[in-house]
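Take a look at the structures listed below.
One chain, chain A, appears in both complexes that follow, with chain B as partner in the first and chain C in the second.
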Partner chain A sequence: MNMSKKKTGIAEIYSKFGIFIILLATIIISAVISPAFLSATNIINVIRQNVTIGIVACGVQLVLLCGEVDLSLGSVAAFAGCFAAMTQVATGSTLLALLTGVVIGGIIGFLNGLVITQCAIPSFIMTLASQQAARGAILAITKAKPISNLGNFSKFGQGYLGPIPIPILIWIVILILTGFILNKMRFGRYVYAVGGNKAAAQASGIKVKKIVTRCFTYTGLLSGLGGVVLMGRVNSGQPTGGEQLEFDAITAVIIGGTSMSGGVGNIYGTIAGALFVGFLINIMTLLNVSAYYQQIVKGVIIALAVIIDVKVRNGSKK
Partner chain B sequence: MKKKLLTVLLTGTMITALLTGCSGGQNNSSQQDVKSGEASREDTAGGDNEEKTVDGDFVYKVGYSNLADSDENCYLAAETFKNIVESDEFKEAVGHEVSVEWADSDGDITKQTTNVETLISKGIDVLFMPGVDTAGNASAVEACNRAGIPVFMIASESEGGDYKFVGFNEKDCGKVQGDYVAENAEKGDKICYMTGTPGREAQVLREEGFLEGLESRDDLELLSTQSGDFKAEDAMQVTEDWVQAYGADIDWIVTQDNQMGQGVVEVLKAANMLDKVRISSWVVSGTWDAEYLKKGEIEQAIYVSFKTLGETAADVCQRFYKGEEIEEKTYMELQSLTEDNYADYLK
Partner chain C sequence: MDYILELKNISKSFPGVRALDGVSFSVKKGQVHMLVGENGAGKSTLIKIINGMYTADEGDLYFENRKVETHTPKHMMDLGIATIHQELSPVLDMSIGENIFLGTETMLIDWKGMYERAEKMIQELGFDYDPRAKMRSLTVSDMQIIEIIKAISRNAKLIIMDEPTSSITESEVAVLFKQVEKLKAAGIGIIYITHKLDEIFQIGDKATILRDGQVVSTHDVKELKKAQIIAKMVGRELKEVYPPKENIPGDVILELKGLTSKKYQNVNLKIRRGEILGMSGLVGAGRTEVMRAVFGLDTYQNGEIIYKGEKLPVKGVTEMIDRGIMMVSEDRKGEGLVLIRSVIDNISLPNLDSYVRRLFIDDKKVVEDAQDMIEKLAIKTPSGKTLADNLSGGNQQKIVIAKWLLHNPEVLILDEPTRGIDVGAKYEIYKIICDFAKRGVAVIMISSEMPEIIGMCDRVMVMSNGRVTGELEKEEITQEKIMTLAVKGVEYE
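Take a look at the complex of A and B:
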């Protein structure tokens, strides 16, 4: 009995602080084994490489906190990003291109949320359907060809404001915004309440459907923004871009301590989760570890994170 | 009473369904057997010389099992093939209208195998297939063989079954790049090699060919081999990491396709290393990817025109319907492009 409590306690401590300790340990070990790792350029590179995942992760965190899931992120990012690229080519206006991408992402997210809540369809199924539809649509529209000659559009992914890359600045803004929503706004508290216990939230007067729809809309908006940053980074509208993005983003959020069943998690964990996966892949590439082994490591980490999540939840139920 | 009525109704429905099913089957087989009339073709892949002809109203059906519609290059080849085969000129040449049954495999071997089974049941005359996987495609090819449907593998082979090949040699593509680096590298140059999706046939064979090409130079050093997953975004991440790990030591970056070449150029441009690092990549679309070669950002590229691949496959298809003898392997030409000769091949 005591042993069980102790084990649960360790898992609980991990869920609160573990990712930060592991992130720190990863950075220290990596710095020791590869001199190139701790340079400012490399650190900025890793952050920049993971900005798209980080931005989208902020959105999907809200959905996961509600106890739902969104598998359409990558396809929505490609759809919205390519439309933004097409707008850039057609109008030459970078601002209009950005708005197009974000708004299109938001509309798809809103539709996802609306159908899920009004038709009582599991979010897994609905977002899987919109994942397929969005990917198919953008491939059909572009005929699978990249959109090039984007001019200033590349600044979203490659530009600098002083010494800081613009995509990193965008991520910082999104992190602050998401942190504010979750910690300071009533809407944020409702998100936790809905994820913790939907029935209780409903009984206490929270409009659950409205909250869930808003969460999907926010995820859609950030997927659109992530798509713009991604296409800016590769300096072209890539209809196949963002594949597996949803899994990378969900991995970051879960490793960061957000529960798959909702109600538990914070933005700091998500930041650490995204950076941890990024640093891990980075050090393996620096050490020339084969891509096959990199996939194994990524898989093991996801499994461990979910096992710990389940353990914590089971522990808290007892 | 209700039970009896229900039983009678159910039995009646089942018998009707059975009869309809049988009669449908007869229709299908008779449709395939009817092939009598003007045009004739030879069953090339199975070595079966049976004459098969069609009547005036019959529409030829060509199956095209695409590797992945999401792949710009595969899509271009498939689209080119379909446009030519369904054109009026093609109809005139073979004497009948031809329709292309196009199925997307989405890079998934299981999906491709299922698609081929569906195409067989649709009554196709011949199958053209850019295969997802050499070993995995054997079952689809063998299924076609059993149904008496000739198979032409496009730009990929199959480990089993009878088929003929149309395309380019993956290993040769890698070897041309390896040969170029071996011939043009300075003494002791260091190379980073970027492969495509791990485990894909194209990745394995191109790498084999590349390493074979390098064998003539003992002094060259392969610093790192990493996967860019045939994507520009992944290629950028790998290149940034290479720049960190090896910096000025890198003399060459060689990529297994054009998308990854684009990613490499973008990173080297941002790191002000384009003048220092020599790039060997691919030109496939001949449009956006050719720009890098024209600007001198990429030093050398293999030119594999997937439009030409689609045209070559369509030509083979026409010869098939005309009943002409088709070689075991029909290769399209590979070009090694540099700043000096690209104008001869790219407009």
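Take a look at the complex of A and C:
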């Protein structure tokens, strides 16, 4: 009896702090094996490289929290990012370009959510479909050619505000916004309720479909923003950009302790999850581990994270 | 008229079932209206129409003398209808406070204010919960109390309680009833669904009896007698009837010697062919765990299982089924049936191997055998293709038994075979069990219903706290003796 109680305790501690301990361990170990790792330049670089993942992860966290999944993020980022780039070229207005990217992303996300809730389609299938369609559409529209001559547009990916890189600043704003939604707003609490127990949410008078649709819309908006930052960093509209982005973002959220079955998880975990993935890839790169092996490691980590999630959940049920 | 709620000629059908047929029903302020009926009588459907989960096919619903046009959970809740569900549905990973106010929050959450209000409310009602604690940390009865607090917090005018005492202890029932009295005094109408007839007389003002989706009658509780209710519920005079005991036990087929694991110690037990052995004891005594080990679902640490004279190796379920040992789980819906598949699919599921002809399944034979079972066990279903989910509990249980019947079991373990099944269907299940015994099958019946154990079993083993505390035979099997053995040793630990 006492044994099992103690076990649950450890499991609970893990589910609350696990990723932070792992992140810290990763940083310490990396610093020991590679002196280059802990330099300010390297750290800032790692964060900058992973900002897109971090931004999109904030969006997909809401979708995962309400028990759904979104696989279209990468394509949506490319689609919206390219449109933003085209707007930049056409109008020369960076602000308009940014707005275009975000709004287009939001529209696709809203459509995803609408079809999923109104037609009662599994989100896995619907977003797989829109992943294909969005990618195909942007390749067709751009004839698979990058869009260049973006002028000020590159600021979103490369610019600085004082000493701080603009993309990192954008990420921080999004983190604060998402944290605020999740913890301080009714909408965020409803996301947890829907993911925790759909029937209870409905019986409490929550409009479940509306909440789910909003989550997809939010994800779409952030995917669009992620696309803008991504295209800004390479200073061109890349119709093939953002591939694998959905997997990296979902990996970050899951590793950060958000449950695949919904209802459990917080924004701090997602920050740590995104940084962990970034640092891990970075240290492997510094150690000259081939990209192929890096991908294997990523796969193993996401499997481990989900296994731990399931174990912790079973543990706390008893 | 001070009716809170009036239903007029409500009808509702599901594929294959007419769940409600012209039901009229009304509740006054400050009144506890009891809703009784067998399983499948339509009580659950009725309350789901009242709380907006379902929309009626026909008929009208009036709330405070106004016709209700929008039938959504949200609208019904806004009107002042709250439901305390039988299968409770809190959000386990949220706090108590959040659960109480779920659905009524303001755009921005005022955490401090919310917890203060929750705390105040909990105290005013005389309870002692920390509103910041996770719902997961509560027991089922505590969750029930929270649901009531939640209903009160929304100024509900009508509260529906769906079998609220089915999973709570006596002292908690007293607490609950006190709350019901308070709600009554405050002018709140209550619809109270129950299977426990005594409760009707304890707290009821009016009682409506449902049968087969229709209202049989509505009475003032004062003018009502228990026997009358039972007769109206089943449509016939009710007696607990069991098929005659005429089993002739043969030789020993299965023997447990000193079986031990964490949940039970040193269990010794013999079962003969053609015998019905009862396993009695309180919930958690270890009966199910022992039988799960026999069936190969769990492993054991010590001891041996001897089957047909030889020691059984510790193997999995498939092995045991091949040898003729089968078990019907107490969790019919969870482990016994694939609810979204048809009756035929369910019956044939564990037997598919035997239908394979050159790689493919012989569909004709599958349907033939399943139809045969549907007739033999008198499974009431519109057709073999009807989904298992659409049948009543009794008929679902028959499907589970049919699965194994096709497999020719030699030892059949039944775990709570009649739980949640109405009286009429119970008798049919009993007859089927006796038929198994007559054909020489050794039947082991785990049951928490004492009359059933006494009425059906040739021999009874009683377990308490993981140990066998006694064995009773024939005339020795009485309620008192079983109970004495069942509580033996509980004081320790």
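Criterion: the second predicted complex is superposed on the first by the 307 of 318 C-alpha atoms of A that agree within 3 Å, B and C clash if a C-alpha of one lies under 4 Å from a C-alpha of the other, contacts with A are read in each partner's own complex, and residues count from 1 in each chain.
The rule is short, and it goes like this: a residue touches a chain if its C-beta (ideal position, glycine included) is under 8 Å from a C-beta of that chain, and two chains touch if they have at least 3 such contacts.
This one's a predicted model, so the numbers in the text were calculated from it and none came from an experiment.
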item	value
Chain A as common anchor, with chain B and chain C clashing or fitting	fit
Partner chain in contact with A:184 - chain B first, chain C second, else both or neither	second
Touching partner for A:239 - first (chain B), second (chain C), both, neither	first
First, second, both or neither for A:264, with chain B first and chain C second	second
Touched partner set for A:34, first chain B, second chain C, both or neither	first
First, second, both or neither for A:192, with chain B first and chain C second	second
Touching partner for A:201 - first (chain B), second (chain C), both, neither	second
Residue contacts with chain A in the superposition, chain B compared against chain C	B
Shortest CA-CA distance between chain B and chain C [superposed frame, angstrom]	15
Intersection of the chain A residues that touch chain B with those that touch chain C	none
Contacting residues of chain A [partner chain C, same complex]	183-186, 188-189, 192-193, 196-197, 199-207, 263-264, 316
Residue ranges of chain B in contact with chain A within the complex	69-72, 75-76, 79, 195, 198-199, 224-227, 229, 231-233, 236-238, 240-242, 244-245, 247, 259, 262-263, 266, 270, 285, 288, 291
Residues of chain A touching chain B in the complex	34, 36-37, 39, 41-42, 45, 48-49, 135, 139, 143-146, 148, 158, 230, 233-236, 238-241, 243, 281-282, 285-286, 288, 290-292, 295
Interfacial residue positions of chain C with respect to chain A in the complex	51, 53, 73-74, 77-78, 83, 85, 89-94, 98-99, 102-109, 136
